[in-house]
Amino acid sequence: MKPEELLELLKHALGGLAKEVTVRKGYVEVLVDADSVVPVANKLKELGFDHVKSVTATDYPKESKIRVTYHVSSYLREDLAKPILGLSVDLPRDNPVMESLTGVWRSSEFQEREVYEFFGVTFRGHPDLRPLLLIPELAERRVLRKDFVVKEESIYEGVPHRYQ
Amino acid sequence: MEGQKLQGMVVRRVEKELYEVFIGPQHPGSGHMRIIVRLDGDVIVEADPDIGYVHRTMEKLSEVREWLKPIPLLERMTIIDACNITVPYVNALEKLMDKSPPPRASYLRVLLCEINRVASHLYGFGIFGVFLGHSTMYMWAFGDREVFVELAEILTGARLTHSYPIPGGVRRDMPQDFPEMARRAVRYMRGRLEEYRRIFVDNPVIVKRLEGVGVISRNKAAELGIVGPNVRASGIRYDVRLAEPYEVYDELDFEIPVFEEGDALARTWVRVEEIKQSLSIIEQAVDWLERHKGEPIIPKEDYDKLPKLHREVYEKTGRVKLLPAHATMKIPAGKAIARGEMGRGEIIYYVESDGGTTPYRVRVVTPSARNAIVFKYIVPGHRLMDLPAIYGSIDYFPPEADR
Amino acid sequence: MVLETILYLIAYPPLWQVLILGFVGALLVAMVAIWFERKAAARVQRRIGPYWASPRLGGFMIIVADMIRYVTQQVIIPTTVDKIAFLLTPVAVLVVTILPLAFIPLSPHELYWPVASMEYSLLIALALTTLPPLLTVVLGWASSNKFSVIGSLRESYVITAYELVAVLAILAPAASTLSFNIVYIVEAQQPVKWLAILNPLAFLAAFLAVLMSTSAFPFEIPESEHEVVAGPYTEYSGILYALNMGGGYIRRFIYAIIIALVFLGGWAPYTPGLDPFTGFIIPSLIVLVKASIVVLVMSFLRAVYGRYRLDQALDAAWRLALPLALLGLGWSIILAYMNLI
Amino acid sequence: MDVKAVDKVYVGNINVAARRARELLLGKLKLGDVIDWATTFSLWPVHLLTSCCGAEFAATWSPRFDAEQYGALPWVAPRQTNFIIIEGTVTRKMACALRITYEQMPHPKFVIAMGACALDGGLFYNSYNIVRPWEVVPVDVYIPGCPPPPEAVARAIIDLRRKIREKKLASRWLIEGWRHDRDPVKPADDVCKWWRP
């Protein structure tokens, strides 16, 4: 299925739920509001998008928002397996809370835990929300946000491994 | 037990009649991860994968390094499958830059990818063998893996960390005598696969251990979103090389082996069949490369920028020496998502650029990271001794999962 | 008076044989078995195996080095273990493992192996051989470690199933020769009426049961390293672990000697003479060579097969090995009835 | 002999006897050399994988390089081994496991740190999640490289052997009961919450 066809399909299926649907270089992104993410996810699942490939968050400190993106695709419908669809939600940076999509897509469970520990996004309704990869002390630091700065030096000076 | 305090240990209650066993991280059956297993008798009632023991912060480090530097960084995730893991990243950069590699470079990438895939599957076989107490399989697979590691070494100069693809091309051309070596390796490996079948895959003990163990049905596989040979063993025909052919996979002739059973034995067979397909792709790629000698391996605009000395080196030895400016190049703002098929499954890169010299965000989802969910949802209900069989059959590689 | 008693006790031939010959011989046997196992596996796996400590001896000194290292290494006694059981059981395992040697004749003459010519030698030797696994269960329990406990549980499952098969199968020759005396059984097999040929079912069952119950490689379910780290021996270090590990190999070798005697005709084609050389050394060498071949085959299986799952192994015991052993027993009764032996 | 009478039963002091026996065996009979020799040919690495160098570690024991010919046999449980190969990066989560494994091993024990990450962080020198292994356990031999080829690992094992033979590390542990050339390394980061009240 070509991106343009998918775009038509999505516009038809989602109707007014989507805030914005964009296609750029073969990558289709649907931007929705935080409170309409579950209905949209359910609609997408009805269309045939049956698993989540990746749950990503990106931090935009300037705009003071965190954008959480679910990349979904299909295994059971071969024509939908070709495109990857991004389902994005913009959350406020100081209190990022959204509904968990584990009820819709089980495959997002571990990656939502990852986003939780790296960005501090809380997923309401997640069955087991606790850090996945990091030790608890580090998980509190929200390490993938832009204000956690990692020093980068071209010449080695001392042991720069303690972060304040 | 409450009163007893041991250094570095936490005492806590578990449910009555359950027995909690910590498999890992220092445990012969775990690799660099931990599975917290709760047993009722000999049957696992709950398994909780506790990963992250090799989390080396690839995503954060990629954000602070220039565009080219994540290539060697990211391949440390799956050091045994280094080319497969970097090609999609390079593809993502190429999508952002609107650059495409010349066909010869694409073929070289595919060649190295397939060599890596064979080596990676052999690694998986070795670990699988040792999990099932079959030390000969470990030794044979690792011994034969050396053949392909050496092929890759001849092609790129490094045993494991090749850093071969660069945006727009590859670093080096193929040596003159490489095709003959590759063909010999392919012939050798075909013969060895027959021996593997006899000693391992058709071994009555192994078959008994694997048959009907860790069954993942078609719908379950889709629900859990697992990837790679595991999903193909469950009857889903999904392979990135088929769904979205990157590089020159649409010009090559190969099949995607699919099995319906979904158990550990089917997953093993998928890998055996995939090795056969990869060997055939290696032959095809080598044939094509021999027919198209002397074609460029970097795009023309890059070649034009090279100074005279670098051009001479490139034409004489086939080695690409880039200018320092290449390291600090700027990439136009945008988002790109690229995927590729590694030995263990599909890898996804989501790269965002704000037009600077470093990526704004690199998100990488590796196959093992997506397969980790199997431990939680498939392992319960099996016996404790099935855990290594399932672990080995899904070919889980912790450094890749933890990133 | 006291001194004389002590001297008498030490010089009492059976004790002498068990302590000195048994201990030293068993140590040597364990080392050779380990060396052979590592070397044979390496051969199958296309590599060299132990080599550099002594290239001319094929790396045998590496096993000696391992022994010395284990003996001189620190012995860790964790705070949570049951100390007395933890410390004493490995020693008891070794002693009980070696004891059956006293009842296994390597020569038909009473002069050279006085205890052995008693009427019930096979029965006693077998009974003693089945003891060490029980101690292994104790040992795992005393370690107070999760993996040890699982390991000893598995051990208890395995021995319940397979010791029965082993005893039944090895007693089959007694049924056909109408005697529990090993010397008599061996003499009945002269010159080539070997029971392994006449009664292959019992031989197969015995071989399988011995593989299983001594946790030889393809069936090392109790110490299956990928679920239960080292099974009952997880907490053991230093010399205590060496005792355990050596004990397993010695036990397998003693089983192999029993199999060689009762199934493979002992010193059978050869008729021992009376002087020490022809009466003791040559027959015992023949038996040892036969036993070594049995151990060799067991070691070779290490390289070819994977590990069974516990329930599958028990299934095989009750559904396959036990009927096989019973059939073998029945066949040996038929042999006795038809006077074939 | 230091013998004292306890209610007419003569009792030897076992500590003194042990010391004398040690002096006799190690001093006069020169058994120390034998012990050192035995340790060099019986270096069993524990199965502790920390990172991606594990791939090359596994290759070292594969048929092509076959480190078992030096007597090194990878073994399953820390209690029965005597040295660790730290394969690459040690993350904060793993550091605790590494330290516990080290503590579980019986003396005399040795540590080889493999790869650039184990030396000084390597490519991940500025990562927020790694520790240097030398902050967690005392290291005897380093192997540079990223990843070091199997030959380098074999070479490191031989280096460690030479070190044991020259410095008599194994027999001196028997005499002194402690390895004084390695002061006990206390992990710099409180990775395992060991000394939190």
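The first chain written gets the first letter, and so on, giving A, B, C and D; residue counts start at 1 in each chain.
Convention: a residue touches a chain if its C-beta (ideal position, glycine included) is under 8 Å from a C-beta of that chain, and two chains touch if they have at least 3 such contacts.
Just so you know, these numbers come straight off a predicted model, no measurement behind them.
Greatest Cα centroid separation from subunit B: this falls to C.
Subunit A and subunit D have Cα centroids lying 45 Å from one another.
Look at where the CA atoms of subunit C average out and do the same for subunit D: the two points lie 34 Å apart. Subunit A and subunit C have centres, each the mean of its CA atoms, that are 61 Å apart.
For subunit D, residues touching at least two other chains, in rising order: 62-63, 76, 93, 126-130. Residue positions of subunit C with contacts to 2 or more other chains are 45-47, 225, 229.
Listed for subunit B are residues 27-28, 52, 55, 57, 60-61, 64, 139-140, 143, each touching two or more other chains. The touch graph of the protein chains shown belongs to none of the named shapes. Here, these are the chain pairs in contact: A-B, A-D, B-C, B-D, C-D. Residue ranges on subunit B touching subunit D, taken from their complex, read 7-8, 25-28, 31-32, 52-57, 60-61, 64, 72-73, 76-80, 123, 126-127, 138-140, 142-143, 145-146, 149, 159-161, 398-399.
Of all residues in subunit A, those touching subunit D in their complex are 134-135, 138, 141, 143, 148, 150-153, 156, 159-161, 163. Residue ranges of subunit C in contact with subunit B, taken from their complex: 41, 44-47, 79-80, 146-147, 150, 217-218, 220-221, 224-227, 229, 302-312.
Here subunit B touches subunit C in the complex through residues 4, 6, 19-23, 27-29, 42, 129-137, 139-140, 143, 199-200, 203, 205-206, 208-209, 383-388, going by the rule given at the top. On the subunit D side of its complex with subunit B, the touching residues are 46-56, 58-59, 61-64, 76, 78, 89, 91, 93-94, 96-101, 123-124, 126-130, 146-147, 149, 192-194.
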